[in-house]
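Please find the structures below.
In what follows, subunit A forms one complex with subunit B and a second complex with subunit C.
Our next item is the complex of A and B:
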């Protein structure tokens, strides 16, 4: 789906020159390293999301990129120029704060026009540009003189965004600006932000702990853990080919089966009895021990006469509604007891009420992958 | 008639009982209200009574005359000069304090870090010593052959400047005395400025001066204005600095009131003067407070 977007196609053809480059960037506070040895090329015009649990160092990384902190080691270059010690007001970058940091004593228009006032633009031109930006972020013109603290949460987001755009930065940073917004509005704003990214063609670097947000908006996602960048890739790569169990489990729920190489060359289950087929390239051909990983949505229930590359017998004991989808918890026989496998089906393919709880789970070799144990 | 009286009887009784029973809030406020009535309002009422009493008498509430006010506003009376001096001292004190206290308040919030509480205590510390004692300390410091003059002479230098008993040293005394009253509201005001906003303004290209003018100063303004109001009201009623450091070379307005009550034994005249000054300062304060819309300044409205 994402591959069809023009930005993605352009990225795939010829990776544009990196606009922002991080080489061996480290940030320590006393003996604690908040950010550890980060190498990253940010491509011009891309929407890059850094995602990770709280305390993984993503905000510290962002503050260094915005110029509010300086790296303890390593280099940050913008268009090939070293910017480690360039203060934020001298960088062509702009940060949308988690708190939004709107000026409470100024109106919506004054907030948006603030960067223009700094540049010495005259009042009439400031107002014209502010109104233009308000149109872009879908704020009604009548809001120009409204006190910014009287605006709703979503409106404040738009003001903060318009203010950042008024600065006309080359790179825009976002520090979890949508974290305090209710679900429905968040979905709308995510789409608007994505549209805005396409319309402006600017480089967006977005920070969040919500993978869902990252998946919806990003061209590429970087996953951070304990100060390190664990994996950088397109949403498909992160989801379909995570480099380790942390990324794999961070990205969504998974079924994992511990396996070792059997005498027949196939993967043989350590905890769950049986042999399991995994299709190349992620079949772990070089490994002797591994985890076979299958996402719940690639699992299905096999009816009589249906076949799959892999099968397991089990008993459904719980089901959860996920809205348009249903998740089943299935107990399967395992060494020393039982193991729970997750199956996610669309409502159309749900088990009928009162169906036999004894089921056969099936999945194809191409839908599974292995991870080093 | 009888019917009406019967049907109304229980209601009236309930109303009566209700009227006798004060609400919980009113009952809780009663002790404070009584204390304020006796300790705060009573002297003011007495002063007001005296202001309209026969001059040089103690016929309070038994005579009524405007003679005292006529005396005050008589062009030959020079009390207005004292009033001007008081206003001048108070305005200068506020202006100097605003400039002196701002950097300290900024430092307490942003620069001093963990030393800030200790530095705050150092500024509070002088308040533990009586104001008169501290002012006499300054006299000993500046007096001829005192600490400054004596030390300089001992070092073989020309000796200290003769500043004691001048209007300048009076102003110095006022600035010294009222510094904490400007500093702490100002520090609180500056603490109200979220660091995020300063970071954001900087990120949007603003330099230090612009951030100060556009963000820090307006957002700290409630605290600064309260500090200014407080020090102005305190300074306009100050007497000790002019008496002790100024050596009575200048008579300030509250000193005039004191003279009327003591040496002159003219309580009605002193009361009238007190009423005029109180009305002026009170009016000015209320006017300032009505203009000073804290909610609007903080962007809550």
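Our next item is the complex of A and C:
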């Protein structure tokens, strides 16, 4: 499904010139550093999402890119030109606010045509362009004169998007615009936004605290923590090869086993007894101590006669329905008590009701990776 | 249950009626006194007439006094609203050093006893050698009214999302265009209420005018002077006219506000 997206490696073959470049960008409020020493190249035409927990500095970063805040240190360049102090109205960029910031005293059409009115475009041309944009964001033409406050949440999203497009920016910023939308509509709008990105060819920079949103839409994801950009990469890289435990746990639930190098060269469990195999390249060959990490969906229950590179005996004591999948909590023997491992299976492969709770967990060396402890 | 509900409703209605009577009966009495044919008020009125209303309308002296009151109130309205609008933005929107102190200082004059404030200003005008007239009264009224109007408009400023201004700025507006396209239209209901407040508070102000109008006189001052010496039913007649004028302004103001809101949400 994701093969059509350019991978990090493919992009590296022909590196496009960065449209936006951040070098050593820092923002302090008093003695508090909201954003700390960020280096980032944003490629022309990409969909880049910055994710992080609230308070990680992502909104501050976005406000600096949009020109509403100025960096305390470092440089932001657009097409190679320094823009640190260029105000938002002089930048070819546009921000879609979390609150959407639609003008409540203007109609849908007036909202959308607002940037054109500011530029001095005449009324007839404004209306024509507004209707054209409404078609692009899938708003019915009859909405042109509708009071914007009488539109539904999803319709307002579209108005905000059309208004930003009317400004014809080179880079569009999004500050969690979908956070207040219900799940089903959110899924639709995510896909529409992705389509719109492809159709317009513009550079999108999106921030959210929801990794799910980031995974669906982005070409690349940057993960922020405490003002720092911890990792930037394709969704596959972030998910499959997180740089540290924070990223690893932020992008989804994991099973971690503390290990050290055994005399046989294999990883030997410190908390959970046993030896564990991890396939290269993420086998932590240079390390003496590490965590072995396995995502719940790579774990399975082994039937009689089935084999796997790694095995653990355990007892199922809880199961949760996740909709299309089921998550099991399995207690395994560990030093000083028990440890809970998570297993996620598709509904089709679920344990039958009344099955023996004593199970054998299995996973393959290629599905595990190590992280520095 | 039903009986206690009935009792409660009766108590509410009784109380409401009592308050209405207390508030509006004196005004009705004033109106009644002005339609009395004889010079002195007695109840019941023996003979009704509109003579005193006619005399009031025809009086050149009263014409000048009304003109003074209107001039003072209009100027106070214009200046207060301009100062209060920008003051309210500084008060409620922008974060700057000294903002908290400013918030307190600007509201303080509301709580000064007005006769003291009036006297202080009279002494102040004398000290710097300014001849008092209705124009100095404009200034005196503003010292008390600007804080009130600032408060009224500040409530409106608090009520709208500052990201609207940022969005306009981000979409290419200059600072002036942001003000014209977004800030002022959204503040309009507050500005409108502020204007009505400013006009009506100035229109009915007595203590500040008494000290600071010099040789000129406003309606409340004239009413007081004639009560002290030279009462005729022209006093309640002008008083009733001033009250009706204020009520009409308030009604018209409310109506305009409602129409604008209806058009905006159409």
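We take it that the second predicted complex is superposed on the first by the 364 of 373 C-alpha atoms of A that agree within 3 Å, B and C clash if a C-alpha of one lies under 4 Å from a C-alpha of the other, contacts with A are read in each partner's own complex, and residues count from 1 in each chain.
As a convention for this text, a residue touches a chain if its C-beta (ideal position, glycine included) is under 8 Å from a C-beta of that chain, and two chains touch if they have at least 3 such contacts.
Since the model is a prediction, treat every value here as computed from it, not as a measurement.
With subunit A as the common reference, the superposed partners subunit B and subunit C clash. Of the two partner chains placed by the overlay, only subunit B lies in contact with A:148; subunit C stays clear of it. By the touch criterion defined above, A:95 lies against subunit B and subunit C together after alignment on the C-alpha atoms of chain A.
Of the two partner chains placed around the shared chain by superposition, neither subunit B nor subunit C is touched by A:140. By the touch criterion stated above, A:24 is placed in contact with neither subunit B nor subunit C. Once the two complexes are overlaid on the shared chain, A:273 sits clear of subunit B and of subunit C alike.
In the superposition on chain A, A:262 makes contact with neither subunit B nor subunit C.
In the superposition on chain A, A:53 makes contact with neither subunit B nor subunit C.
Contacts of A:357 after superposition on the shared chain: neither subunit B nor subunit C is touched. Applying the stated touch rule to the two superposed structures, the overlap between the subunit B and subunit C interfaces on subunit A comprises residues 66-68, 87-89, 93-95, 97, 99, 101, 103-105, 114-115, 117-119, 147, 149-150, 163-164, 167.
Contact residues of subunit A toward subunit B in the complex are 66-68, 87-89, 93-95, 97, 99, 101, 103-106, 114-115, 117-119, 147-150, 163-164, 167. Subunit B meets subunit A in the complex at residues 194, 196-197, 199-207, 210, 214-215, 218-219, 297-301. Residues of subunit A touching subunit C in their complex: 66-68, 87-89, 93-95, 97-99, 101, 103-105, 114-115, 117-119, 147, 149-150, 163-164, 167. Only residues 160-161, 163-164, 166-174, 177, 181-182, 185-186, 264-266 of subunit C touch subunit A when the two sit together in their complex.
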